[in-house]
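What follows is a structure written as structure tokens; I'll ask about it next.
Naming follows writing order (A, B, C, D and E), and every chain is counted from residue 1.
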């Protein structure tokens, strides 16, 4: 592979992983709220969260562009205060990937939280553990399989995301160009062989993620 | 909404639901195999299953088009023997949606299967239940939450799928046009207001799905 | 409608930028003749690939010659029906309230223009033409690093709207999609490469006669008026 | 924890106005617990676990006032509800609730609060409960009894100020039980940690408890010192759960101070029963089988004692003891050690005299 | 199920060459079980549950030959492994494994095979185990003991040809226990269903079992009729788990036929011990506390009986009984009923005579 291709691979792997990590705390928090609390209109919040999945990526991309563009509410604020540009930079890629994979993480984590025997959390509390400690020492580890599953889905989705990314970040070689964008381009040009080579690389990245999560689960089982 | 719009809504809801239902048995079978059996190269199979997520949708669409097109292996066979066309018909939409949401269903169901206490299945066997009965009376009901979660994700993804669908089935009004494709088209033509209206409809469909699954879980809890 | 392609209908695969004009023309045509026109709009390169894979199309209306050439080489086009009558021009757009004044393409090379958005200069016709123009004007090397490419026109316009990209280079017909952008300057017809929209009947058409009839209509005076209305240049 | 060490364990656990609806009945409790170890005894499904849950703050009652020492833990009237984590109550639930993702050691250390007492260190507790070989294992790979010990150790290591034990020794062998029971007594005495102890086991109850609460269908049927409850069950239900072997309908013939004469069929029995409501006529006559002594041949009649000539109906094994069914006009059961039984060479048909002291005949109004 | 009814329950369960590595030791079993109810008795973590799992076909041993009646269930040598679902074995596991998504009724009916016997119908079993009010509930909303009863009923309703019960009554009160135990005996007798019964409970063992297998650290330490194992434990370990109260080092002075004279300190004891290996010199002398009789005053000395003048060291409650610690040159424990204790008016310092029959003194070679 050429240096340029390596660069794309590296950027894609890195930004996909980062987006997964960045959405993790928010995703877990939202999932926890959905799993542990009943409130009116919960289904509505849930639906809203799954919107990036429900909308075609262009629409999501367009909305993000409007929000994070310099004329958008958030983008304008960031630009004016921090002189930080989001769209058409790697940050835009990060946001697009994060938003697109968010619902996958939330749903997986939520199911995992709901499956936990509440007795375990209760007993941890009788031992003096506060909510935060209970979450990190009991809830999250017990939901590990579901959380990891959600992270794998998120990471895979990030690798494959195309529609929102190109809308929000454009396809700027060396800056925002991901594997997916390159594959898209090759497909359009009819360079199928090249597209397949890049697909192979994506697949390897996905494999590494899948294998790592399996390995993590095995570690935990083994340690017990 | 116009009659034409209703038609699109109806078609989208119907084909998304159908694709979710159609992949269900396969998804559960694959998830079960992944959850219950260890074999060498399991991670590879897992990676392959998540490919539709990892590849940009166009690439998936192109591969499907090559397989199911009249010149493709499967498409050609179906065309010659059954005079059945897949691509550019609703069947193509169905296949595109099914393939794109498959990894979501498999991953969710798999995690749910893995969380089940194997003791319960074992004891069911001592009571004379064969593998099939154990699956349908113990494994699947206990994994219900995860399976429903996976179905919601699949359905939502089907609602939002765009890239593969347009490749495999085109955007033919009244025939293969889904909400997502229509939204894409409206966005492209700058008809944002109309796009948002359609988005609203998508959201309502997603809400119905989410609410139904919540209701199903509540039913089960209540019945106990 | 039955969810299968109607054999009696004319399936037209047309570039997305033709959506509005073709819809209008087809509506009138259907009324006149009773033939049914079914569209599949999309990026030209996709449509070409779909046709290659055996998509059931009668007519292909591409946004650039390259797509049509590919199909013709593969023998999928009825050669004698191919013609290119429609053309377009490139314009430089800025946001409607932009302070940036662009008088000609040369200004694009100036440092005050930090980013330029195009449709993909490798794959999307509008982008390809834009690149060819900039290359011809010897500007490409100096602006290449500023290029942000998108996969469709709307994305390019939205990029300009967002304020993060100062200018965009798009078709004149597309500039009208967004009310938040305005045309800063037009690329003179002589400077830009020959933009043309070829159309042809396809070999595998099930209704070749109906297709030819429709193609004829597209070449008619009546259709030409509609195309003009939407900003296309109609050559005679 | 916070209490200053005083003479003896001074406990005061108030459970007032508790009302908590369960599947088939409402748990209604109104008791004050003052003894260091109180056994909650009751048939399966009577609400014992639910009561502990309320005390621990894991479930919320419709109405409840729970006070431990000076601190009000729950007062639904004033909307007071101290969260479980601030109650400082150690709980070994019936389902143990070990953390399946942690090793034994991590489970034990989860809520560990060393309290400076050298004799109740981590090492000591681990040794006493014979957990040492298990500490580095995962809790899913333990046997039932091993799990139970880990759960008990885990609760002890939190240095609680009240221990709730829900059948903590049910899956342990006698050898371990007899080793752990005195230890629990020490926890009470040296640590001054009061214990609420749920059990079905007479052995555990009698060996350990000071007071007991008999809970039946969610209501406190009786509360009092263990020996008193066992010898004077307040109602037929309580007699039932304590497995009082002989319960017969009787009629009061005469009452002289505390000494009551009852007729069971044609047989007259003398009972000492100070607490009968005036005017009671019909009673249940309860006799515990281990209060019945058997003699062959005559014995010096001495008052207050009932002499009942009887014939042996059957002799059967019951646990470590022998159960002898007698016919003395009515059916009477006696429990003897195996040795005593062999001494008397009892076999069906033998004539014996059954002795029951009057204070051991207990009357419950019908 | 398939067996034709014969006289008595003819069981034959072969567990040969079993080798199954566990965390700290290997389960190694080689026994033939022929009695209708066999108790597997052993300390916590000794491999009892693991053994049942192997019999049920839920785990696979490295090597095993398991035959029930005529059918070979497992033979690792010939790669025979009948899957669990074809074994027809009812199993109540220690963790119960009720199906949490099903109601009680659905749990009970899951493997229900009516077998035509009118007395063991669904209704009958549900009534006997007092499950009736629960049938329409979800199993997650049951108390501990209720769950245990549902699990037992569920296993019984499958009409198994062998029942594996893993501490099935551990969480039940005495009243229920005494009602269920005879029922299990009836299952054995009328149904001809043999039972492997894991328990720690002496009461359950002695009330129910014919034979018992003492399992210690994965090895069969002793197998034999219950009374025999209790009175003649084969080793110190077995004596330990049976909680034989007095175990003392002794030296054999003289052997005349079966009658052995042993010296414990300066005291001579007569023991009947037919099975001592020749040449044994040093032994452990075991005396069960309930084999010791106490007398005040003298008794006609009669042979073979040991008369041990002693002084009372302490009198304490132990379960329903009283435990008397004696000093008769060595320490000796005696268990008496409360009544007997009161009769003798025992208090520390009293002089008594302890009687132990020679056959009740058991010698284990050191």
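Note that in this section contacts are C-beta pairs under 8 Å (C-beta built on N, C-alpha and C of every residue); 3 or more make two chains touch, one makes a residue touch a chain.
Only a predicted model underlies this, so the values are computations on that prediction, with no experimental measurement involved.
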Contact steps required, at the very least, to link chain C with chain D come to 2
Neighbour overlap between chain D and chain E returns none
For chain B and chain C, the contact-path distance works out to 1
Per the C-alpha centroid definition, the whole-Å distance linking chain A and chain B comes out as 20
Chain-centre distance (mean CA atoms) for chain A and chain E, in whole Å, is 58
Chain centres from averaged Cα atoms put chain B and chain E apart, in whole Å, by 56
Listed in rising order, chain B residues that touch 2 or more other chains are 58, 62, 187-188
Chain E residues touching 2+ other chains are 95, 137, 141
Shared-interface residues of chain C (touching two or more other chains) are 46, 49, 152, 154
Listing every touching pair of chains gives A-B, A-C, A-D, B-C, B-E, D-E
Within their complex, chain D touches chain E through residues 23-24, 41-49, 94-95, 130, 133, 137, 141-146, 148-149, 166-167, 170-178, 200-203, 206-207, 240-243, 290-293, 317-321, 335-340, 343
In the complex, chain C touches chain A at residues 43, 45-46, 49, 70, 115, 117, 120, 122-124, 147-152, 154-155, 158-159, 161-165
Listed in rising order, the residues of chain B that touch chain C in the complex are 7, 11, 58, 62, 65-66, 69-72, 75, 85, 87-90, 166-167, 170-176, 185, 187-190
The chain A residues in contact with chain B across the complex are 42-44, 46-48, 50-59, 62, 103-104, 107-108, 110-112, 114-115, 145-146, 149, 152-153, 156-157, 159-163, 180-181, 183-184, 187-188, 192, 195, 199, 202-203, 205-207, 210-211, 214
In the complex, chain B touches chain E at residues 117, 119-120, 122-130, 137-138, 141-142, 144, 220, 223-224
